[in-house]
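Take a look at the structures listed below.
What follows is a pair of complexes built around chain A, which joins chain B in one and chain C in the other.
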Partner chain A sequence: MSKEKKVIIIPCSGVGKSFGTVSRMAAYQVTEDDRPATTQLVPLALLVLGDEEARETVENNPVVVIDGCQLACAKKMVLESGGTVSKEMAVLDFYRQNRELKPQGISQLNEGGKKLASVIAAAVDLVVDELTEEGGKNG
Partner chain B sequence: MTEYLETQVDKFTFKVEKDRFYTTFGVWALLYGGTARIGLSDYLQQTSGDIAFADIQPAGTVLGTGEACASIETIKVDLEILSPLAGKILRVNPSLEMTPEVINEDPYGQGWLCEIEPSDWENDLANLLAPEAYFEIMKNQAEEELKKK
Partner chain C sequence: MADRLQKKVGIVTCSGEELAEGTVSRLAALKVLEKLRPDDTVTICLPLFLAGGEGDRAFAKFYPTITIDGCDKRCAYRGTQKYSNTPAASIVITDLAAEQALGEIEGKSDLNAAGLTAVDLAAEQAAGQVDELLGKHWSRREGAFTQTNPKDEDSHEVTATCSCGSGIPVQLFEIDGRKFEIVALPLLFKTFSGQRKAPSDDTLKEIIAEVRIYNVIEPENETALIDKIDQAYQDYWKDNESKHEQN
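What follows is the complex of A and B.
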């Protein structure tokens, strides 16, 4: 991957649902704390609104989506915007593997929800590392 | 051949399969060969959201009508499913442990919950709704929900 390119992280915009909040917390952790140099968060709302800069960003960079549920709005909007989804992740799948981390609350997630977001963020970190390594090898 | 009653409310389409009986809550019972299979209606699964876990009482459990036979956790709600009939659970859908989403994908088919040996089917049947009656109730429920938005 060239120096200019970043892995774009797009979380669910499910405002008002715990799973959406978990998705966004995971995205913030990756883009602000874990991998700030190699990732960039693009809010799903910008794609929905047809923002040209957001559309160009997803068209020209690898994208990881973190969807809250099976509706997969983030994935659908990336595809509709002309982008390619390098990796698709869903909060529900991670919760099924970590039943003790039941997310509750919306503006304030419970401890289970926060831990689930960290589990997802760690998985996204690995994907980002793979994508950036691949990109580096390819030039 | 599968036949449905179907209605559209807002952007959602809800189907009621015509070959079985229902509770007002949206649990169906289908009797075949002396065994009753039960599951969730299309409306109930759609309004409850993606299913994360489905815990069904184990085979051998004896249930009275209206007793809890399953608990279902979705991304939106926790549901306690009450048995529409009395009897003994013979078999639990083995798909539910690993792929509970089958309830969302095929609520009247592969997404069944369990099979029950009825102990008083005639009596229970008298308290269940024919598909046409449930369809009307479900439509009203859907329209009421829409008004709340």
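What follows is the complex of A and C.
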């Protein structure tokens, strides 16, 4: 993992629900396509295991979590790991605002799910821009 | 005794969102859960061992578990072992890809051919492990196999569901302002009631023996907790009888 300051994106690792897949797709879009230079994805499993490097990364960088359900595992694990959540996103909230984009399918998201992931990614992009701009001003 | 509850195998997968092999592990798990062995498998998200409750942490004690990991960090295996119970079997995608000379796996959101082949191979391997595990007697008391008991069932495709928010069902009791979670009690009540075991001293003894498989009952709370469980089963039985009469 890079030691350079980046915005850390942590999606839900949900296996059995479409919302989990949506959160991952949104995270991939941000970290690979939209803001690859200023973001980094950290897998939740490393935080679960208390991986030192992952803990250090969330402790020392702003973190955006994208949770798939109300259990908010991503948020809880960041806090448990000594990090601070700069922005908490919930797939369910975005779905409530975009009822026409009902996600279906887990291994293969339907069009609604893909569009919902893009909507979330766009919102995360804005947060990343704000955080990196603040970082630039402060740093 | 523990055989009275339906036997299934738990599949815990890597959440490796940063690796294409993580995607392979999740898709392989889904293929087992939805297509290959839908009647015999359940899943749970790895983070729930920490973010969830006692019912979630009891997952691998309750089910013999297969972990599917993306890389040799083996987060699913180690996480399950650390927070719940030692997995009964495991698969590591990078090892599988090397053994089968699949080539480099790429594409986190859109797997390449090597990745798709790895999904199929890992799913087949896991399905075989499910069969093997269910062909043996898994003792929930011991968390290990005790004897063989071959099994042969057809499968059909269903939608996988995870254990988010539920894990193993628990029942809550309050004693002197302190809350107690009894893991698997709702399932035990359902099973005993299904066997038409009416509330009695003997039935209570059997229920408590089962409860002790999944829960530690501290001596200082034992009497009060057993009374609560006794009352809860009587209430459950009455409710069920009323429902039967109405039907």
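The definition used in the following text is that the second predicted complex is superposed on the first by the 136 of 139 C-alpha atoms of A that agree within 3 Å, B and C clash if a C-alpha of one lies under 4 Å from a C-alpha of the other, contacts with A are read in each partner's own complex, and residues count from 1 in each chain.
Just so it is clear, a contact is a pair of C-beta atoms (placed from the backbone, for glycine too) under 8 Å apart; a residue touches a chain by one contact, two chains touch by 3 or more.
Keep in mind it's a predicted model, so treat the numbers as computed, not measured.
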item: Fit or clash - chain C, chain B, common chain A; value: clash
item: A:E80 touches, of chain B and chain C: first, second, both or neither?; value: second
item: Comparison of chain B and chain C by chain A residues contacted; value: C
item: Partner chain(s) touched by A:L44 [first = chain B, second = chain C, both, neither]; value: second
item: Touching partner for A:C69 - first (chain B), second (chain C), both, neither; value: both
item: Contacts of A:S107 with chain B and chain C, given as first, second, both or neither; value: second
item: Which of chain B and chain C A:R24 touches, first, second, both or neither; value: second
item: Which of chain B and chain C A:I120 touches, first, second, both or neither; value: neither
item: Partner chain(s) touched by A:G16 [first = chain B, second = chain C, both, neither]; value: second
item: Partner chain in contact with A:M89 - chain B first, chain C second, else both or neither; value: neither
item: Chain C clash site on chain B (candidates 9-17, 27-35, 63-71 or 117-125); value: 9-17
item: Shared chain A surface residues [contacts with chain B and with chain C]; value: 17, 69-70
item: Contacting residues of chain C [partner chain A, same complex]; value: 13-19, 22, 26-27, 29-31, 33, 43, 45-52, 73, 75-76, 78-79, 82-83, 108-109, 160-165
item: Chain C-touching residues of chain A, taken from the complex the two chains share; value: 11-17, 20, 24-25, 27-28, 32, 41-49, 51, 69-74, 76-77, 80, 106-107
item: Partner chain B, residues of chain A touching it in the complex; value: 17-19, 68-70, 92, 95-96, 99, 102
item: For the chain B and chain A complex, residues of the former touching the latter; value: 49-50, 52-53, 73, 75-76, 101, 104
